[in-house]
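Next, two complexes with chain A in common: one pairs it with chain B, the other with chain C.
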Partner chain A sequence: MSPHVQSELLAAYAGGEIEGARAYSIEAHVVECADCQAAVARLVEPARMQRGWADIEDRLDTPRPAAIEAALGRLGVPGHLARLLAATPSLSVSWLGAVTVALAFAVIAAHESERGLLLFLCVAALLPLAGVAAAFGRGLDPVFEIAVAAPFSSVRLLLLRTAAVLPTTIALAGIAALTLPGVGWTAAAWLLPSLGLTVMSLALATYVAPSRAFGGVTAGWLAIVVFSAIDAGDRLAAFDSGAQVAFVVLALGGGIVLALRQDHLDLGRTL
Partner chain B sequence: MTLAVKAAGVHKRLGSTHALAGVSLDLGDGITGLLGPNGAGKTTLMRVLATVLAPDSGSVRLLGHDPADREARPVIRRRLGYMPQEPGFHQRFTAFEFVDYVAILKEMTARRERHDEVRRVLDLVGLGDVAQQRIKALSGGMRRRVALAQALLGDPRLVILDEPTAGLDPEQRLRFRELISRLAQDRSVLISTHQTEDVAALCHHVVVLRDGETVFAGAPRELAEVARDRVWLADERSAGAELSWLTGDGRHRHVGNAPPAHAELVEPTLEDGYLLLVGRGSLAVAA
Partner chain C sequence: MSASLAAGLSDEKLLAAVAGGDRQALRVLYERHAPWLTLRLARRCADADAVSDAVQDTFVVVWKSAARYQGGGAVGAWMWGIAIRRLIDALRRRPRREFHSSERIDVEPSAEEQVLLGVEHGDLAGALDRLSSELRAVVQATILDGLTSREASRLLGIPTGTVKTRAMRARIQLRKEMA
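Now for the complex of A and B:
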């Protein structure tokens, strides 16, 4: 056995002042030497020792985070927010799988005809909306009631989840759009309607139950798509440049309404 | 001292139903049992007091604050524990992860302290050993204890438990009573239940709701006194009684104003008082 570590050096080691190779070298001796272990035990403050044990206990007790939670953590999302997002129904593997399948069928249809292209645009516009609707609501979030009664703002939770669900679903729809056959910018004509419909639904949810808001906006918009196609004699009339501008205006207006009336969601006036 | 709950003339409509029709309620420290038949408005009242639903009219003050006030609401919610009637769970979470999730919603962001608190409440309800099991693998009784554990996070001053003993076997119910009676010191606990035995065994106060209105508020023994001189045992069934049933010893117990022939007046129980208050009509609706 090598000679004992000098007491000054051991005190510095116990105080956490020595790092790197030097610390490893002292540690290699301490784990083999009962006298130095006893000396370190005397030098380390009980409170620090307690904190160290608690840290170890915590790491052993805490379960490994689920895949989505771990992925969010790697993206730099703080642990507590990652856990809130991981519980979002529309960020689950099964939901994202269903979105992918729906988009795949819509892409196949779009390859077949202009009617199929219309179907793709509608599906791509509505999937982000459905994802946001599923992210927070009495019927879909099983912990909804407990969440509303907690101090973490329901509106903040809704917006947090919206901020996670929208890019995820839009990214999937965007990848699907890239595979469409030579339709140019029309392949992206679902994007602004999607944002406009989502913000409008959220704003409407401050007046009526979210399920009614999302359902009503979806049904109303699909009716407009059908009627405008018949009226203009153009299947894609609801996605033309005028409609794109209208959706930007709707998104801005909806955002203002949501900001002004957010308290109605937090106190469960419409939930 | 500030009352935990002070509600006056609270109305709430749910669709075409007048779920709360002018409920008034004052709750101090101790355990209060909320009794009433199905459809009496218990769950709606619980939701209003848990700040999940806003009342249509009337005044509600919780822990001295108005929940309609945007600034005061988080202050109330930080000191409030709520277990809904049908607590939902993210099934893929373990018991630890689920309670941890609710702890985050309760603004416990520091990881170590939060995890210590999650362990504390899971130990409190006797689930420390199954903390790492998935919720979907737990029994119904254990799940209710997980739901109770989340309601106790942060040592809340006001605890609202909507039918916490539903689905528990007799042993679990006894354990629950033991736990709640220990917790009730220095805080206000409101429990809604169909079990008059729970109220008799556990509660310091009792409130009875019928058709969205408060029809009784007082001590459990006062509820029993409502039926004083109106409960009889007799060998024959009486047509004039509000309620009458054959007991295990072969005699008929009558509750109501009209005594049957050759009846023996008996000491009323809390259940007798409750049955008289809610009446045959409400019980028929409940059935």
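Now for the complex of A and C:
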């Protein structure tokens, strides 16, 4: 260990008055000398050091963003949006896990019988709708109060969440459909109904409370499916080509209504 | 751990406490090391905000990776290794400003300082001081700060190839002077 650097020399170093080899010599010494570190500490502006520590504490106190929030951030989604999207109940791991389990059982049933296939199509068609409904739900949403109070259009938030939930759920259902027995186009017959039902529910939610809109559309559609399946000759009548065209029309019509009446979609007051 | 207890502990003990999630221990480490880290970084970068950011980053890294400290070297040296790399990262993220390379006129070293330097470096000190400021900056970054050519090129804002050729020129000149 070299002799302690004199305090005047340290002061000159701190003041930036020393260059070259003498500065290196001081630095090489200070890095491992507690006394000189303490002497240097007295030469640095205390306020700056205090501010630095306050900033460090702030950063240590900031919770780490959830994986999905961090991923959205990397995709260029602004921080506040990423947080609100990440808080969507139907984007949580538990929800997606439940969706996967439901789809798995439906796929198993579809392997057993045509009735099972019908069950799969119903589940696959309704899951995106359920995901969007959950994104509206006051009971499920951990940031419900914050979202209502935020200076941020709740319609915009809901549509953003819908835009995030739909592809996620549809992707899961699509993967599940690939594992169905050889049924050709029928494996994808749930896709247009799921879109149509979702848009229709959203359109209806501009007239009545969202929970009623989602519940009513689901119940009505299930009734139609069950009724049309009574005829044993064509159990999948609710998914045939006529129905597919009807759902395209419904989706477009619902989209127009939604665009015109989006100001009426207010989760804060109607729920 | 209480503030007074932490203040009496060695860096290694504090680091072990930080690894166990003791924030008071981190605070004592900050009070001991942040000032000289700030000064030393400031000699390599004129942007005071970048220096402050780098010092803060350093202690956030220390907080997260205290358990990875292997011992063997001084804690200060370990922290310096983190700090200089955080500074390079901070510089990469922000638009470049003037690099601190102003050459000041050295005051004549006192007799004591001459002795001190003589003991520690022999002729090397004089030889280093006779290098041009460009060459000396490269020697400082690559040898004394222990950076790779790539890291040095980021810190100094010059191409990696230039770092290598300047390091070679500096080595040749030093060898000639020490012979």
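FYI, the second predicted complex is superposed on the first by the 193 of 271 C-alpha atoms of A that agree within 3 Å, B and C clash if a C-alpha of one lies under 4 Å from a C-alpha of the other, contacts with A are read in each partner's own complex, and residues count from 1 in each chain.
As a working rule, a contact is a pair of C-beta atoms (placed from the backbone, for glycine too) under 8 Å apart; a residue touches a chain by one contact, two chains touch by 3 or more.
Because the structure is predicted, anything quoted here is derived from the model rather than measured.
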Partner chain in contact with A:Asp55 - chain B first, chain C second, else both or neither: both
Which of chain B and chain C A:Ala98 touches, first, second, both or neither: neither
Which superposed partner A:Ala66 touches (first chain B, second chain C, both, neither): first
Partner chain(s) touched by A:Leu84 [first = chain B, second = chain C, both, neither]: first
Chain B versus chain C as contact partner of A:Leu222, first or second or both or neither: neither
Touched partner set for A:Ala109, first chain B, second chain C, both or neither: neither
Touched partner set for A:Ala246, first chain B, second chain C, both or neither: neither
Residues on chain A lying within both footprints (that of chain B and that of chain C): 55
For the chain A and chain B complex, residues of the former touching the latter: 54-55, 58, 61-63, 66, 78-80, 83-84, 87, 141-153, 157, 263, 266-269, 271
Partner chain A, residues of chain B touching it in the complex: 47, 50-54, 67-68, 70, 73-74, 77-78, 80, 82, 84, 87-94, 96-98, 100-102, 104-107, 109, 111-112, 114-116, 119, 131-132, 150
Chain A to chain C touching residues, read off their complex: 2-3, 5-6, 9, 12-14, 16-25, 27-28, 30-32, 34, 36-38, 40-41, 43-44, 48-49, 51-53, 55-57, 59-60
Complex contact set, residues of chain C against chain A: 11, 23, 26-27, 30-36, 38-40, 42-43, 52, 55-56, 59-60, 63, 74, 76-77, 80, 103-104, 106-107, 109, 112-113, 116-117, 119-121, 124-126, 128-129, 136, 140, 144
